[in-house]
Amino acid sequence: MLVNCVAYQDGRKLGDIPRSEISDYLGRPECFVWVALKDPEPAELLEMQAEFQLHELAVEDAMGGHQRPKIEEYGDSIFTVLKVPQLEGTEIELGEVDLFVGRNYVLSVRHRTNPGFKAVRERAESEPDLLKTGAGFVFYALMDNVVDRYFPLVDALEVQLEEIEERIFADESARTNIRELYALKHKLMVMRHAVEPLIEVLHKLYGGRVPAACQGVQDYFRDVSDHLLRLSTQLDGLRDMVITAMSVNLSLINMGTTDITKSLAAYAALVAVPTLIAGIYGMNFELMPELKAWWGYPFAIGMMVGIDFFLWRKFRKAGWL
Amino acid sequence: MLVNCVAYQDGRKLGDIPRSEISDYLGRPECFVWVALKDPEPAELLEMQAEFQLHELAVEDAMGGHQRPKIEEYGDSIFTVLKVPQLEGTEIELGEVDLFVGRNYVLSVRHRTNPGFKAVRERAESEPDLLKTGAGFVFYALMDNVVDRYFPLVDALEVQLEEIEERIFADESARTNIRELYALKHKLMVMRHAVEPLIEVLHKLYGGRVPAACQGVQDYFRDVSDHLLRLSTQLDGLRDMVITAMSVNLSLINMGTTDITKSLAAYAALVAVPTLIAGIYGMNFELMPELKAWWGYPFAIGMMVGIDFFLWRKFRKAGWL
Amino acid sequence: MLVNCVAYQDGRKLGDIPRSEISDYLGRPECFVWVALKDPEPAELLEMQAEFQLHELAVEDAMGGHQRPKIEEYGDSIFTVLKVPQLEGTEIELGEVDLFVGRNYVLSVRHRTNPGFKAVRERAESEPDLLKTGAGFVFYALMDNVVDRYFPLVDALEVQLEEIEERIFADESARTNIRELYALKHKLMVMRHAVEPLIEVLHKLYGGRVPAACQGVQDYFRDVSDHLLRLSTQLDGLRDMVITAMSVNLSLINMGTTDITKSLAAYAALVAVPTLIAGIYGMNFELMPELKAWWGYPFAIGMMVGIDFFLWRKFRKAGWL
Amino acid sequence: MLVNCVAYQDGRKLGDIPRSEISDYLGRPECFVWVALKDPEPAELLEMQAEFQLHELAVEDAMGGHQRPKIEEYGDSIFTVLKVPQLEGTEIELGEVDLFVGRNYVLSVRHRTNPGFKAVRERAESEPDLLKTGAGFVFYALMDNVVDRYFPLVDALEVQLEEIEERIFADESARTNIRELYALKHKLMVMRHAVEPLIEVLHKLYGGRVPAACQGVQDYFRDVSDHLLRLSTQLDGLRDMVITAMSVNLSLINMGTTDITKSLAAYAALVAVPTLIAGIYGMNFELMPELKAWWGYPFAIGMMVGIDFFLWRKFRKAGWL
Amino acid sequence: MLVNCVAYQDGRKLGDIPRSEISDYLGRPECFVWVALKDPEPAELLEMQAEFQLHELAVEDAMGGHQRPKIEEYGDSIFTVLKVPQLEGTEIELGEVDLFVGRNYVLSVRHRTNPGFKAVRERAESEPDLLKTGAGFVFYALMDNVVDRYFPLVDALEVQLEEIEERIFADESARTNIRELYALKHKLMVMRHAVEPLIEVLHKLYGGRVPAACQGVQDYFRDVSDHLLRLSTQLDGLRDMVITAMSVNLSLINMGTTDITKSLAAYAALVAVPTLIAGIYGMNFELMPELKAWWGYPFAIGMMVGIDFFLWRKFRKAGWL
């Protein structure tokens, strides 16, 4: 679906243009074309390929979606795949944004991701000076917008871990904790796979030989890279703590077993000792003086209660009950 | 076994040629020879060595099979070993494809792998323009074909993990889960050993100084590399989750022990307390008024039932039963 | 909040200057301006941006705070983010110091960190020779001051680990130990995230091409880097030992379970055997000679005590009691 | 002990020569000297040092043995240390081969390793063309021979792991399994320490600037490196699976505890319930109608058997027995 | 404390010289000054700084001690920090040796380490040829001497691990084993922190651009580096096995619990079954023929003994007792 197809000159909007005239506008000097597609049909992408003269392999990748995050140069054109994480319920779904960036054009293709880049376009249009510098700044602004969407998600995962931590140390719902730690670990992995590959390739846009389209905005891409490094550090830290939390949980489960064993043993003793006493007075010896005494029965019961009270206090003190 | 031995000129098929004339066709300008062998006899390979003037060490490797995935240059010729994973029952078997690629020839040698490269040949023959560019494109197409066979297998492993996960959290068949996680880990290792070494060496074909035969198709090899990186990321993620699933399983086993201990203790209490009461009324004291009362027996039985009902409700509430 | 705004000439203090005249002083040769802000308002930073002609992205970072530690060059200016760890109760809070360093100025911006850099300024002012060499030395002195604040904190964590270790091996308060090890691990992570990124980037200031402002003081920055490496080694070692301590704790918990099981079993035996004997003499056979004998009852009791004494000594020896 | 001391000219054997004439033969053009020592006395090595003009440090290393695998250049001479693993009983013993390689000589020194290099010498002598190319090929052939001795050992370790795996999943001899996994881990470490350092240094002989003695045979050394990489991959895989097998073993031990707890509890119930019934009919109430009935005793026994049968079937179904 | 202060000319000892004349001797051509300090006062170091013209930062480091192992160039001078491990009781204490090396001087500063470098000085004085080559060789000899002191310590740790291993597999003193494994892990960490940083920096002295003072003795420093790599490999291996031993210990502890549970259950059965029989014959039914029979009592006792004997044999066979 075509979302936008706009031409700019000297940083000012010329207006929407028909798709078939894209190549004409690209030919004009000082002209800049910015097209946005959403979940496009193959035919739409093929038309774009023709208008922008995109490389076959890049277009193939953009058709299917489900690529790894990457930044690839095809001649003068840069093809970029970004992952856009979105919370759907408690699951993280990864949408995708493919960017084709040339000297004087930007084509963005969104897959399965809802918020568009209206804000980016508005900001760019409000700063004609920056827009005049060409594709590099728009490229940066789009990428920055995508990367900024990661932070609230990672923060949410951090909050989630803190909630689980609290429950772990309060000895609550160990089974749920394990399940949620496992799910959290999985989400962290999904996020890492969206962030890490980008860090690896992003230095192409600010260090060493920089593609023509990105010259003059290297500092901006370094800033994006810095944001990604911050995310990566956060994710690494979370991952580390999730693993530790799992092992803490296991330790506490094992301690729980010990605690239960102790308290069971204490209760067992409280029953077993009176049973022994009852057994003794149930013996059939003819000569058992207590049996005949009027105080025999209360004495026996008293002994049971007394010993149990004594044991109960001892267990109490030892923290077994 | 010789599968195919075809010469092409200007991208068009000249026809099958006898093996012994290969070297003649290689001498003609604009001529391209594409030979496919399957589980060859040593003699066949030695004949090929003579016709294509292949390097002794490469031919030795191709004879034995069981090599690591690798890409090696011997002068102008490139020798490539690819692993082809195939599901046999629930086991992953690694077949092997060895490719010898020169300026104007491609020799493929399949070991223990069934689907051949008919599709690749047909596609190449239908695009004479690409075929005209020579060995590089055919080399790419074969490699791409092999790498594409990895994806369904990795996806299958992903499905398998999800099945095990479900069983783990449903507390089912812990023993089977361990066994299958172990087997899964092993399969992941097999796949990694097929994928990782290739990633390491593949950049030779698109980055820096590229062998003559691969010039002009670097972007295509970069695309193959990208697919391999995607596989590698998937495999890493799976491996990470398998390890976590194992530790989750262990935690749940330990929790299971705790649960069983609890419920056993509860049942033990339900038996032990009445046994104590019975013991008390089995004592032989002469002066035990209850023993003579008509309501003695029903009272004792009632007390037993009553206490057990009370305990049962308590254990129920505490989740021990 | 503006803390200081001082101009120096030839290493000697000229005096406090109004903010609006900063750019004038920067224009004078041999003049050096050193400004310190604390938790500044955006407006203050924007004013500084104008006076010092700072890069937009660096100022944005300094406004928000919460950056990763980093050293970035924007043209002739170096932007540095340092984390300042502070103990608040038992938690480590990370404040931040942002430094803008140019040929003849240093601007420091403190966020959420209390001790300022008065000592650094005094030391610098007392050594006019060094101050004359310009921004590089002040930059080093500030950084050195920040890095020196890490050592007592890391030492405190080391002491904390030693306390936990002692408790672990004394079998005390396993639950608390786990909790504190977990918290300790978290603190170590916080410290690592403050130290590691700085090590990665610091070599920019002493190895290879060094920014103009830092030339002549490379050896000093190498010394800072060496301090950071020492911290990093200490943190790595602590982290390793914390993980090991956790697993030791788990092992000891499991051993504790075994010990308790043993001692419970011993006590159970001490009750069960007399119960059996009592049961035997509670049988109603008519022909049980002991029942009629005068020594029957004491004999039975004696047997109970005797066997229990024997068992008790055996259990004692075996270390079960 | 001197094993061989032979001079070759133009690839053909001139015959055994006395040690003291080595330096003379080395001086002749087209002459190649190949000496083999076994567990030499210091004096022998010092003589060799004089004849071949070897570097003091290399000779010192060769005297002691027990070096790490390494390849070092001393001027024109290459000093190589290889480890030769040998199975002694179930232990892996590492012998050592030290090679001194110059433009026109090879000196091999074996320490504590039995099979010599007769096969290598015979093969080399049968191919005068290769021998004519000089020391490089002999160097390769010796190294290849040593590396080939690793494969059967690694395969044996693989078989050993498979045997342990089978026993683990058959729940057999957990204690032995742990011990053997531990021993296996140790052997893998020994093998890794023999293989890994060699991989690191071997590229000196085929990539970049290659020592004079090895020029022209780079492809052969690359092949050796490839074999070592294969070994390393195999060892890594084994190591990974050993660790996993250990954790599987632990899980199964814990599950075993659960299983035993369950079956014990079942048996305990089968005894405790009849004991309760017996206890009830052992009470001394005067009014217990069953006690007087002729069917009382068989009824009680019947009830015991009946309940036990019912419980036994339930436990059976639940898999506790 | 000044230990030695000697000047050499042409490799021959000129004699002890007063500290204050060091700078004079340094000025003479062909003269070499070798000074050794032990736990020096700050004043002594400051005097040395003046005489040798050492860099302020290096002298500061040498004053405090407690540096990381490192090799730093300050102009023509090399500053080296080496750790010297010493066994004090069962603890490893790290002393420190700081070396200042220039074109024609070596200054060694020992901190908290007892054996000095007399042997090195004697060896050097006995080989005037080597001493003539200047500071590089003395530098190497000192470093080699320090590194050689590591080997017996690492070997001792290896022996210690073997002792613990034996006890683990003999199921002895699990608690002590854990404690000692933990302590061993700590010692390994201390040793690693002494060895690893040195490996990282040592290649400065033999690879690439080598400091003037070390030229001509690169091969010797490579040899030191090789020794360090050997130590590092040994330490890595030990660390790996310690971790494995810990997990083996945990597995065996858990198995021990299972074993104890089994044997307890067996003993419980041996008591519970006779108790049930006694309970049955303790029932008060009027019609229990056995009760009246003369063989009743012996029959009951016989049944108890018989069943227990049968059970005992079964448990024995199953390995529970």
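Should a chain be cited, it is by its letter among A, B, C, D and E, assigned in written order, with residues numbered from 1 in that chain.
Everything below uses one rule, namely that a residue touches a chain if its C-beta (ideal position, glycine included) is under 8 Å from a C-beta of that chain, and two chains touch if they have at least 3 such contacts.
Treat the numbers as computed from the prediction; the structure is a model and nothing was measured.
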Query - Lowest number of touching-chain links that must be crossed from chain A to chain C - result: 1
Report summary line: Superposing the Cα trace of chain A on that of its twin chain E calls for a rotation in degrees, to the nearest 5, of 145
**Report entry** Centroid distance [mean C-alpha coordinates] between chain D and chain B, Å
**Finding:** 25
Report summary line: Rounded to the nearest Å, the gap between Cα centres of chain B and chain C is 41
Report task. Hunt down the residues of chain C that sit against at least two other chains at once, touch-wise. Result -> 247, 250, 254, 257, 261, 268, 272, 275, 279, 282-284, 288
Query - Ring path (origin chain A; first step to chain B) - result: A, B, D, E, C
Query raised in the report: Which positions of chain D touch chain E when the two form their complex?
Result: 55, 57, 61, 67-68, 70, 72, 74, 174-175, 178-179, 181-182, 185-186, 189, 193, 197, 243, 246-247, 249-250, 253-254, 256-257, 260-261, 264, 267-268, 271-272, 274-275, 278-279, 281-284, 288, 290-294, 296-297, 300-301, 304
**Report entry** chain D contact footprint on chain E (complex, rising order)
**Finding:** 165, 169, 219-220, 222-223, 226, 229-230, 233, 237, 240-241, 244-245, 247-248, 250-252, 254-255, 257-258, 261-262, 265, 268-269, 272-273, 275-276, 279-280, 282-288
